[in-house]
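Each chain carries a letter (A, B, C and D) given by its place in the written order, and its residues are counted from 1.
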Amino acid sequence: MKTSLYSLRYVLGSAVNGLWRNRTMSIGAIITTTIMLITLAAFLAINDTLNQMVSALGRKSNLIAYVRDDARPSDVTRIIRDLQGQSGVAEVVFVTKEDALRIFQERFTDQTDVIDILQANPLPASVELRMENPAILPSLADELRELSDTFETVVVPLDVVERLIAVSNVSRVAGTVMVIALTGVTLFVVVNTIRVAVYARRQEIEIMKLVGATDWFVRGPFIIEGAFIGVFGATMAAGAMVALYAQVGPSITQIISFLPINTNVAYVRSLALFIVLVGLVVGSIGSYFSVRRYLAV
Amino acid sequence: MKTSLYSLRYVLGSAVNGLWRNRTMSIGAIITTTIMLITLAAFLAINDTLNQMVSALGRKSNLIAYVRDDARPSDVTRIIRDLQGQSGVAEVVFVTKEDALRIFQERFTDQTDVIDILQANPLPASVELRMENPAILPSLADELRELSDTFETVVVPLDVVERLIAVSNVSRVAGTVMVIALTGVTLFVVVNTIRVAVYARRQEIEIMKLVGATDWFVRGPFIIEGAFIGVFGATMAAGAMVALYAQVGPSITQIISFLPINTNVAYVRSLALFIVLVGLVVGSIGSYFSVRRYLAV
Amino acid sequence: MIVLQGVSKTYEGFTALSNVSVSIARGEFAFLIGTNGAGKTTLLRVLLREEPFDQGVVLVNGVDISTIRGASLTKFRRKIGMVFQDTRLLPNATVSENVGLPLKVRGRSNRDVSMAVNEVLKRVALLEKASRFPKQLSGGEQRKVALARAIISRPEILLCDEPTDSINPLHAREIIELLLDINADGVTTLVATHDSDIVNDLRRRVIRMDAGGVLEDMAVGVFNTS
Amino acid sequence: MIVLQGVSKTYEGFTALSNVSVSIARGEFAFLIGTNGAGKTTLLRVLLREEPFDQGVVLVNGVDISTIRGASLTKFRRKIGMVFQDTRLLPNATVSENVGLPLKVRGRSNRDVSMAVNEVLKRVALLEKASRFPKQLSGGEQRKVALARAIISRPEILLCDEPTDSINPLHAREIIELLLDINADGVTTLVATHDSDIVNDLRRRVIRMDAGGVLEDMAVGVFNTS
């Protein structure tokens, strides 16, 4: 018990000494960790933003279901309520016959006479959808077409929708692949840096073993050093990220004010926490494995 | 002369030895260089693709100029020719009165009677633009509005245009910032790796200086080693990139076949060449500066 | 008891020990001499289980050391104090930390360690340089630190590889006296050396090696320098 | 001609040389002796311009060495061969490469270098270990390589820091004879050593240092070991 307490103190003191006395390596490793994690965090944030942007663009796309003049208003109301509850649908707008006429007149201001000569308003009322997830548009359109008592035609500007779906799929897949790849790269580079730092101190490890140190006695300080490098690098990365978000976030939100970009504190905080956790785990595990091969003395 | 020739041979031989005999460090540095440059190349490619995708989306957006019924056909033809020559304009389509009517009828299949009761076709002919660069739409619209002899109204679906301009600007700026940042990160990490490798061999440098070596005698092999690490890492990165492009390129092109994504050989080749060049320059210059501080013996 | 029976060892084809048989009783003091490259260091490294050997048996206190693994190896090495020919000080640890390492490794308290460090540094006259780093010491001072580290844990077996190298003759004698003191407490002591004066003065057991083999084993040995 | 006038040197507050004045004629042979930490190594490092000094003047062939910079420093060092106390071999270079380095550095052809390397390795009896790396050599063998590297370029001045450390007495004598040979060709030779037998045998000039100062300067010196 006493022994392990003393050892704990030794491990911590030894780790601090190790970091300080090998500071060229330590600083190199910390800076590498910092910038790799900043890169990763920035990429996560940008990927997230781009995904949101693409989804938001998709939301513009719509489905228009023209309502039969003889449809039952209660049916229409019910369907609209159903649609509003449907996941993937962002907004449901009901355009009355009068609205349709007004829009038509606004568009063709110089041809009001065309309409004026008609006895009745020839334009139908319509239900217009703005989508959260344009991918479900085709099937939704089919469903609505079945309701032929209510709807005359269901128009889906299909080419735009397809393009948006394709773009958003590609960008989502590309983003996910890049996030995974960049995470891998970050882990690899950080671990490699630690590996090289440990390699440069392999003789220390051998000497300690020859003097009667257990594997854990040797490993301990190295793992703490690695953890410290990871956490310190990650904290600097997280700090830089939070600062950047505070600076850049609002101006992005302003430029594309119509898009609900995530710049809220909770999201940034959890991203920062995640980054620090990654640093801790990668640093300590990286050290553990880096030291291992030199322990076989 | 003879001396410098022998030295050249020495420098090359010495560099090869140095790489091999410090292979833990060399391999670490090469792998780091490789994956950093792969990341950079992938990012350049993805950024380029996304920019193209966003631009292509922008192209869907259009400007519709409704032609006066009494406009002079020769004016319209001339304007269309001018517009086709204008940079930023992707496509110019002339929709005749008859086309307009047909489109209207197709859209409102059940209201053909509405039109039928009209004595004449009330819909105007129009010139529709698909833009390469939606940013110039507003000014272009103003120009066309001036031609009030020819055009009745010029309609620009402004909200969509504005959003697209904003999104494409943000994504272009974000992309450029990320490319610059990632280039910086890549250079930094590669240089840092080389710096650490040189640090681990600082005593060699001191010994050589004490034995009467000139600075260039010491530097030479290190610079060649750095250059080799850079070029080798970059070549692997470039190879991986070309292979990936060959694999992934076609399927992306297929998924979003409507977008003219750059997967052509020339582009990939120049990107690969660029990456190798970056490796060469960063490796050798990184070594040069890393060795410098230990030469002051 | 250290017993070597027909021990051979090659480094990548080069024979460094060939058919070495020698035994050293518990509490014995012996010199290991021989030309450069005779195999003295190799023999000591084999005894510490730093280097494996190819043939033969090495018994320490009756245990075949080639079978020792893992935690037992750590325990085994804690019985041994070694002065390495190339000192092998931790470059990034102070003199105190280097000397105290064998005790730290055993989990001793900071107070115990620093008391022991002070005592042993006093014996090699390096107390005032306790907070230096190895490269801030002269060559002889570094070797004294290495010696201090080897003896601080009061090992059962003391292996000294050229303990008086780079050491001034006056201090060298003091160091040998120190080793004899320690040996008098029952510590088996094996000293590889090129210092003929000391060997000839002490008239102790001398094992002379050459080309990897034991050439002579003299109970009261002399170091013939001509 | 080497002249030191009132040279002092401190390492971060610790005085390693204090007011040293000594002069060594061209072609002279002198031993530098003194207790551990006396300042012998420091003096040699000052002469190689490895370490700066704080006070006094050091003249080598009439040139104040503290003023030498850049390319002149390289030229200056090429006049000197040094055996470092800690050998300072390149760990990643073979014996041949280590020994040949001073010639490579001077831009000599591969043939010239390998001929010279062969010759000098023969003189220290290490020819058959030419392709080994330093850590594949015994301690004494490493020191011989360091000596070979110091003499291969036929320097004007030879500075040897414990050249017989870890070397078997028989070989030690050979090495000293080699140094005397070289000195006979007019090479100014300064040998820091703890080997009293050799110093007492040779009866050459002995400069005895203590605590950073010169205590004695004897034309025909003895090494008093009691």
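As a convention for this text, a contact is a pair of C-beta atoms (placed from the backbone, for glycine too) under 8 Å apart; a residue touches a chain by one contact, two chains touch by 3 or more.
Model, not experiment: these values are computed from the prediction.
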item	value
Most widely separated chain from chain B, with each centre as the mean of CA atoms	C
Distance from the mean Cα position of chain C to that of chain A, given in whole angstrom	61
Where chain A and chain B are represented by their mean Cα positions, the distance between them in whole Å	22
Distance from chain D to chain C - Cα centre to Cα centre, in angstrom	29
Chain A-chain D separation of Cα centroids, rounded to whole Å	66
Multi-chain contact sites of chain B, meaning residues that touch two or more partners	none
Per-residue multi-chain contacts in chain D, two or more chains	none
Chain contact graph, described as a line, ring, star, complete graph or other shape	ring
Pairwise chain contacts under the document criterion	A-B, A-C, B-D, C-D
Chain C to chain D touching residues, read off their complex	11-12, 34-37, 41, 85-86, 136-141, 144, 161-162, 165-172, 194, 196-197, 223, 225-226
Residue numbers on chain B that touch chain A, as the complex places them	24-25, 28, 31-32, 35-36, 38-39, 42-43, 46, 49-50, 53, 57, 60, 66, 107-111, 113-114, 117-118, 122-124, 152-153, 155, 159-160, 163-164, 166-167, 169-171, 174, 178, 181-182, 185, 188-189, 192-193, 195-197, 199-200, 252, 255-256, 258-259
Contact set on chain A toward chain C in their complex	2-4, 6-7, 9-10, 17-18, 21-22, 201, 203-204, 207-214, 217, 297
Parts of chain C lying in touch with chain A, wherever the complex brings them together	48, 50, 71, 74-75, 77-78, 82, 88-93, 97, 101-102, 104-110, 149, 153
